[in-house]
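Next up is a structure, given as structure tokens.
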Amino acid sequence: MTRSDGRKKDEMRTVRVERDYIPHAEGSVLFEMGNTKVICTASFEQKVPTWRRGSGKGWLTAEYSMLPRSTEIRTNREVSKGKVYGRTSEIQRLIGRSLRSVTDLSKLGGENTIWIDCDVICADGGTRTAAITGSFIALYDCCSKLLADGVIKEMPLNEFVAAISVGIYKEELLLDLCFSEDCEAEVDMNIVMESSGKIIEIQGTAERGSFTRGELDGLTDLAENGINKLIKMQKSKLVDT
Amino acid sequence: MTRSDGRKKDEMRTVRVERDYIPHAEGSVLFEMGNTKVICTASFEQKVPTWRRGSGKGWLTAEYSMLPRSTEIRTNREVSKGKVYGRTSEIQRLIGRSLRSVTDLSKLGGENTIWIDCDVICADGGTRTAAITGSFIALYDCCSKLLADGVIKEMPLNEFVAAISVGIYKEELLLDLCFSEDCEAEVDMNIVMESSGKIIEIQGTAERGSFTRGELDGLTDLAENGINKLIKMQKSKLVDT
Amino acid sequence: MTRSDGRKKDEMRTVRVERDYIPHAEGSVLFEMGNTKVICTASFEQKVPTWRRGSGKGWLTAEYSMLPRSTEIRTNREVSKGKVYGRTSEIQRLIGRSLRSVTDLSKLGGENTIWIDCDVICADGGTRTAAITGSFIALYDCCSKLLADGVIKEMPLNEFVAAISVGIYKEELLLDLCFSEDCEAEVDMNIVMESSGKIIEIQGTAERGSFTRGELDGLTDLAENGINKLIKMQKSKLVDT
Amino acid sequence: MTRSDGRKKDEMRTVRVERDYIPHAEGSVLFEMGNTKVICTASFEQKVPTWRRGSGKGWLTAEYSMLPRSTEIRTNREVSKGKVYGRTSEIQRLIGRSLRSVTDLSKLGGENTIWIDCDVICADGGTRTAAITGSFIALYDCCSKLLADGVIKEMPLNEFVAAISVGIYKEELLLDLCFSEDCEAEVDMNIVMESSGKIIEIQGTAERGSFTRGELDGLTDLAENGINKLIKMQKSKLVDT
Amino acid sequence: MTRSDGRKKDEMRTVRVERDYIPHAEGSVLFEMGNTKVICTASFEQKVPTWRRGSGKGWLTAEYSMLPRSTEIRTNREVSKGKVYGRTSEIQRLIGRSLRSVTDLSKLGGENTIWIDCDVICADGGTRTAAITGSFIALYDCCSKLLADGVIKEMPLNEFVAAISVGIYKEELLLDLCFSEDCEAEVDMNIVMESSGKIIEIQGTAERGSFTRGELDGLTDLAENGINKLIKMQKSKLVDT
Amino acid sequence: MTRSDGRKKDEMRTVRVERDYIPHAEGSVLFEMGNTKVICTASFEQKVPTWRRGSGKGWLTAEYSMLPRSTEIRTNREVSKGKVYGRTSEIQRLIGRSLRSVTDLSKLGGENTIWIDCDVICADGGTRTAAITGSFIALYDCCSKLLADGVIKEMPLNEFVAAISVGIYKEELLLDLCFSEDCEAEVDMNIVMESSGKIIEIQGTAERGSFTRGELDGLTDLAENGINKLIKMQKSKLVDT
């Protein structure tokens, strides 16, 4: 089987990382995975949401949006409708949970918040997983800066985190679906893992049809390989240098 | 290990089904799973959303809400904030996808919509999975009525569908978490399956910690057993009588 | 004249009361009047609205909503429009005023609020008056519980309260209109009275035509008889036992 | 008993009417009742709301608003909150119902709408009843103009309509409450009547206390007298000249 | 060239001023410029917006709205759409900036706000400039009253302010455009000046075509003459008497 | 006088243009002016707004937004407040008017719309003028593509358009203010001009103080020089190659 862009079934698209992309932000990255491009920033704010006050701990939350023309056909801005779409809300909750799962919120120097903003500049499938992988880099840079500035005392990140999509398309198990594959896939699955190899989040959906326990296994294998490569890349950028 | 309500680790709460609960609706049920109680209705409407017009096919969509005092502490109505919460939006998308995956939308007698409404009367964990299992019954009754009335020609449902939650709590794998377990669980997973044993949707989340491939397997086993019982119950109510 | 459901002109529909319907709530009832079914809960909260702070007194407020399929034709959820409809707002203001008129807000144990929630499960006319009669029961149970728990020192309720609809339909004065009568009535009137026989609220509307002073009198007589029976029923449930 | 402004118990405030106040409108009036001043306009539009299409009949609807500084203390604009307040919604529904009850909607020259706009310039109690009495004049002038222009064939108004407030204040029955009386009244009642002497709407509220059947009668008597004077005034302006 | 209403090119419409138009307000005026009529009020409030707290200084803000039938064709209320239109927002920002530029906010007696409300009763072009010229009068009267009452110690207004529109219509430079001229003008410009002859704001727009540096000069000359007359009128009303 | 970034008073910041930045869009550019960076896209849609239907002509409209961390301090997303801010609305109206003034809307191949989207990635003053200058390039590329594809028959653009800010800061007239200058400027002016040298829009504001006729002239001179350079740059990119 040949994929539309010539990749092999278990082949990921080319990853490109440009750190410190937005000068104002404590951490920021332009993260690209093939034609999918996301600007991720991590911003530090010296307060927490109302419900969190008095806890002595920090918080981390994420927002996600797409530029109107990041998509093939222009998408209306959510503010024109006056509300966040269900899909957006799902994605930003997923990004927030994934990053919080490796962040020790008691090490954010008190009641402080890290805001993660993921803005998709160009969309070609896998935007939510690219947003997670990219924003981990922004988060890491932000924490390093806070540590260097003495705002926090210890690195609050316990593990590296990356995410990727897998799916079943024409009965084949594929890694890292692009938009045209994603639209027609029978099964679409997003997996978030940490550097230890353990799973943080798994979301598998079969709007057309359904999948067996064996396929669940196969998809998880594929994703695990992809995520290992992404985490290796993250480490080479953030730690080894 | 003894669970707070005395159940075994792989034991489901008592299920209670009261069909035709709302006289106006084509299909309706009061579905209870322990103290979790949901009213599910299926309503037939002779039109489809704008984007669906001209397709010749029908549509199925779901809405979910909780009464303010279905929860331990009163929750404000979403309309007071003027918007659907992210959690609600996630759940109603999940219910819609799950039921659409077994419904042949070309057999709804043309461009007609089935609205599924799930209103939680009392919440004690597992409301989204109870909503799926219960609303399948309302949907089945609705389709039977439409068939009897000659509105549709064939039964549009290909499979039975049920759902259940599983999780890891104090390192134990548990079936059908109640609210107090759900709040403190390390891992929370919702699984939707069809009568064939295949998976429609899997959503596993680890906000505290993470889980291994082996645990993913164990949780899926537990869920499969539970769902088989639920589907057997559905069949005994809907078909055998 | 025979009414569509065989009742006499001055005959009320059958009343059914199921107390403690929602285990979480301080007071709750499933209140039925013929096919009209409303879940009413009374919830206690240890704070008051901003404008009330510093008064030393409590507050009581009410919210009302209908499940989408409580009606013959499915009604869209208000949250989908992002706002409370005018009719809903009118009804919840009426319920709140009616219950506050018999509640001594200085006896709520300080700056505490009682929230009344009325959710219509099935609608067949008279939902606002059923909501008042039913929520008085929930309120009474809530206050009894607060008294037993020592949260409040004295019973804050001065009188019993009940409400009923009356109307003119085909020139006949009728008690307790069902939906089909209500739709075609020339005059529609809702009356709220207390156990002393005095009026708390009267709202009479004639969108088709108008009514004489004599008809106003006759309708008030009819309502007074109905309300006396409802209050007798409330007392038999709440006090005599 | 002397009222704060020296009036007798059954004495109405001075009424002032300035017709054709807004040159653009088909009918318009600046209506004053003491210090309460309302601009009422009637606007003709050649379409009806969606739900009314195909009926062959017209529609009449009303909107009500207060200028921010019409009140003693400045009130925020509703648009700043993004929604119509419950009180406003109640009032505009009341105005619309009252005027529709005397308008033959089949005589509006087809599927056309009359919009009534009531904007309170200065508020000193009784704004909703002043809005009804004033906007009837604007409506009458609008219909006369449409008739003169040949847009409609017959006068669609069957009766004259006026409204007034009455109340119980310090145990006295009073006509036409000003704001300071209204704030402290035990009972507040608004009555809308037509020229035939029949009642179109009665709304009596007792948030503090309650009222007897005898008091209901006395208040209705008071209102009837006041309304007769208002209708006489309307006729002298609109017909006799 | 003869203008539609017979004016000369550099001739302003008749100005009419009625002070103390709304009895509740600290300052208020009914300001008319030909058929354009605006009610302007200035209201004093003893607090400032959140972001201004702790500054020790006051604030001044403006709101602008049009009655639905102030326009030739009825305009829907903004609250029906649930939001302020872009045009309204632009205008109220302009009014606020213009008045703040001559107000010493440190002389408002501490952290107090002056609210300017401009409600257009009848619109015939130039409503935003009429709102500025008129609300300066309301502001002046408000400040005089606060000074007389001892709430403030010194007059906080440094200069008089007035505004007018100019434009190019059929290649002619015109002063004070009425609505029919404004609709078809090639260039539309609003200028706000203070009594010293200096410019506070200039906004020139050419949606059809563009304009030369020479035309910019000519328009500014025209406006300067008009504004001088308006300020002279303001002074004759406010100071000389 | 030395400016904070070492520029001379009449010196513009470095301009950088990256065309075809977003592959999906008909025209797109990453436009940078010093640290101010804006992504501008032009999208073609085969319909017009409702009010424009039946005109036979096209339409052009613009939207503007800032990424949350484009600013020094993170700004909340407008969608979180559920509405477009007044400032945003002003800016997108300005961009739309400016581009429409040079576009012959009867040459867009019928009732088609061009959507201009300006998303600020990094903000350092002058974002609205950068958005205009940049989006003209995207618009030009979009039109060229439509012409090449035969969708339109003639180039609809009559002139080139660019914009720049000027201001008075510490009594000096400056070209192209950066953010720190803009914040403290006494006068802030944005000018939009076309290649002919004529003015399309001038907006000068003096929240602190005011400015003379002579200063108005000086600022316009400064802007004219800057805009000439920008238009020369646009031509070198778009035409000469």
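To keep things simple, chains are lettered A, B, C, D, E and F as they appear, and every chain counts its residues starting from 1.
Following the convention adopted for this analysis, a residue touches a chain if its C-beta (ideal position, glycine included) is under 8 Å from a C-beta of that chain, and two chains touch if they have at least 3 such contacts.
Quick caveat: nothing in here was measured; it's all calculated off a predicted structure.
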Seminar exercise, completed: When each step joins two chains that touch, the fewest steps from chain D to chain F total 2
Exercise. What is the distance, in whole Å, between the centres of chain A and chain C, each centre taken as the mean of its C-alpha atoms?
Worked result: 51
For this session: Report the inter-chain centroid distance for chain A and chain F in whole angstrom, where each centroid is the mean of the CA atoms.
Result: 33
Exercise. In whole angstrom, what separates the CA-based centres of chain B and chain E?
Worked result: 59
Exercise. Residues of chain C that touch two or more other chains: which are they?
Worked result: 82-84
Exercise. In graph terms, nodes being chains and edges touches, is this line, ring, star, complete or other?
Worked result: ring
Exercise. Hey, which residues of chain B end up touching chain A in the complex?
Worked result: 83-84, 86-87, 89-90, 92-93, 97, 100-101, 193-194, 196-213, 216, 220, 224
Exercise. Which chain A residues qualify as touching chain F in the complex?
Worked result: 22-25, 28, 35, 39, 41, 43, 45, 63, 65, 67-72, 74, 77-80, 82-84, 115, 117, 119, 121-122
